[in-house]
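One chain, chain A, links the two complexes that follow: it is found with chain B in the first and with chain C in the second.
This part shows the complex of A and B:
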């Protein structure tokens, strides 16, 4: 491959008469891949096959360029200076907020709080909204498929408040048992925190339905969208959730930046999470008046270049026609499911009916760690381990899985490379 | 019960490192190298099941690694195991170098040989860490009895 496309991303991946071999019409996979320079890297002399996007996605040239342009041309502290650069920086930073608002279809830009990532967003809600509204003997409901980041902040809150953490069960396919879920939402349930897409199983949870059940009983709902945003079209108003959180780095943006969406009226009445500069209107030693949302929650100088990079990642995703992207990802997932199912001794973990781009599996008699080590030698990057979801691992009664996860740039050929690598693994171990 | 502690065949740690190097040099192909390492892991003395617990766990590895140490006639002997096959092989190599040596020799043997033999480079850093952590624990155990 030659010539990295660095220009406009708006026409990216749209049909221009070219259709890649195995790929869905209207989705030009070669042009999409050209935007990710790192995919041309070689490891151990072999072509990199990156199947670890659920851990972190790779970054398109447009994101890399937007961040370096910001640092080269616009860097100054936001919301503070009267000088020209400060104005440019503020415009870029606030521009990214508006992009995030449109990306989630939030009603107002001030419902978008920039944070370090989904983890910080959940901690913020737990320690601000949760601290105010969850009292003794109240309950917070999560599910058995949550990532540690959507478990531990609630455990900490429950410990502080003497409240109770309840866990909604799943079936063996990795789907929520909705009847059980509904039964667990009681009068004492103040908050329901649920992942949109499971990082281990790929399960897509029926958020709208969950929100309706929770709201009917007066509970608020936080949705962990970290694994959903790179794959699904998100509309927080249609979902009806109270909070939606995600990280930039799993959706082709940089690390260290993420979004907390919160409905205006909730953010208004929530106490600040951290104190510092920019989150105040006035400070005296007697009394401090807090700024309005979202600034109330953005103490200190924010990750400006990160926010700009996130904005560029949103542009990148907007440049891919969503239906075509979804069709492509669905096709590669279906192909991967078929091919992996045919590998002797392999069992897929997570076979939900509604599923996004994750292929977790175990192989008879081979530790996932060994699978990962051998695949690495073949240039195939996957994740192995408990995936920061130890309670889910014990529910499934397995110590770990190997996980191949897909991004917009993955193809059938990547699946073939994975399966060829697994043949090597079997030769070595079975 | 068979002895869970590894009794070395090589006379000194330096001999063991040299012998390991010679053995690995035979293999040009990385698959064969791994095959060899996996075989070494399979030949480790059986590790008692009730030692495979948190008290014996070496932290810092993606797979589980357990070890135990004992002092016999002025020499430290180690037992070790992992639930992953390649890591078990690396444990076997580590024990072949360090087990059955006087504490002073253990302390004097720098675990840099793992790197020199390409064993840490063969494993990416975060996976290699478990083995590095085990080497550290082995040497700490030796230091504690001096």
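This part shows the complex of A and C:
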């Protein structure tokens, strides 16, 4: 893996405007699409147009094959057996950990904890780090654009510890108000939990700046990277964050596997999250000695095939030239923004300057759920609803949005199909 | 556009969604209930005025998709003047229509204007949009007063 950069705005070329048409041509979209067998599916006799990657991405053949190969040739329990298969399985599982380490540019492989997904990772940090370090009247700071998975675990912690959950506000474009943010980080703030990219608005948050503000006041920072990892190059050391979490399935990997990155010194002193096998060094009925990180946090037989699939997804992303991928995604997003803005009665929700592959919108006089049903019959799959961000919906004063979200395989033609479907919606309703 | 879509969004449905009937808050209702569909954010409050077991007046307020709004609106127009037991019996027939379709003419019998909802069965994900008003009605009439939800689980990201 070469050229690891920070996951900041400039690495996507969003701010500098230097990404031209030629760069996009370098990205062989046909070849990328060929990797995804499901994209050849037809629904209701129409060609599938998949615009729901922010919910879950589709899986390339390489991921499907890697998981299948693991189960066909290497399956045995990891870290336990002395036999040959156990060794192969352990090698595959730990190999995936090293891939994840390089993917995030973490300093050590033992900073990578395999979990079920971003949600479990956040719960782990809340119930382990949070339980130890957040006390009565302390504060946890989140933002108005968080997914429920980065709200509820903190609410639960705050309730348990009689601590206070505070919320940093956003402007109408869906950008954090950084001055307000800074004012909200106080002496009592123990943790700041913020999404890297909003699943509803597409906003890319200035993580490095947030980390600097938080660290200046002694608060730790957890970054929810679930929506960022398929689009941005991530460098946790450059970002400076204390925890970074993501799910495999939103970045072309399988469901049921994700990563918690935590800085070594933090993971070392954190109490275990769950008890069981693999997370111990020795057990007697009098006393158990816990294993070292990351194993301390991986109780029970892990999702081995999932980890292998995640490793293959990382290989897939590494195999795409990142600058070309980013330029392609930026171009399709810009085209989508332009085309949707031209639809009469349509309003885009989330117009941040720094934005990734999400197009949320509302249409005058039509509920998003009806839009979703009509588009579905045209083969166009989008997400409608509150997107697990009900507080954000309240802030924006809308009950729901329709959301088209983009992956590496989406094209201008997909946007055209979306707009053609919206013409049908308008024909029926307007 | 597919014929299934035309069946789902019949003119009557679009009309009731755009201009819902009995869309107001009743003064002095004898029973009310709230319905909620977290999947798409549909939310309605139903007001019923019962007099000696007869639905003298019925109205609703809320926000939701075309199917949920039209279904609630059509329901209120059909139920005014009906006995409580007749209303609940009609729910049974409407439920069959929504989940099984017209089945020839069998499930259209006695449903009146609610026949406009006969295209929904081909869209299983939308059935609960249409039944929300009816479940809310049952709660209101049975006087539990609880807020009902179409979902007991959460719908992710």
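Operating definition for what follows: the second predicted complex is superposed on the first by the 407 of 430 C-alpha atoms of A that agree within 3 Å, B and C clash if a C-alpha of one lies under 4 Å from a C-alpha of the other, contacts with A are read in each partner's own complex, and residues count from 1 in each chain.
As a working rule, contacts are C-beta pairs under 8 Å (C-beta built on N, C-alpha and C of every residue); 3 or more make two chains touch, one makes a residue touch a chain.
Treat the numbers as computed from the prediction; the structure is a model and nothing was measured.
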After the alignment on chain A, I want to confirm one thing: do chain B and chain C clash, or do they fit together? clash
Can you tell me whether chain B or chain C touches more residues on chain A? C
According to the stated criteria, A:358 is in contact with first (chain B), second (chain C), both, or neither; which is it? neither
Counting only touches as set out at the top, which of chain B and chain C does A:399 meet: first, second, both, neither? both
Counting only touches as set out at the top, which of chain B and chain C does A:367 meet: first, second, both, neither? both
Contacts for A:260 in the overlay, against chain B (first) and chain C (second): which applies, first, second, both or neither? neither
Which partner does A:193 reach: the first (chain B), the second (chain C), both, or neither? neither
So chain A touches chain B in one structure and chain C in the other; where do those two contact lists coincide? 44, 366-370, 373-374, 377, 384-385, 399-400, 424, 427-429
Residues of chain A that touch chain B when the two form their complex: 44, 366-370, 372-374, 376-377, 384-385, 399-400, 424, 427-429
Which of the residues in chain B come into contact with chain A in the complex? 30-31, 34-35, 38, 62-64, 83-87, 123-124, 127
Complex contact set, residues of chain A against chain C: 44, 54-55, 147-149, 199, 226, 365-370, 373-374, 377, 384-388, 393, 399-400, 424, 427-429
Mind pulling up the chain C residues that touch chain A in the complex? 1-2, 4-5, 8-9, 14, 18, 38-43, 63-67, 123, 125-126, 129, 154-157
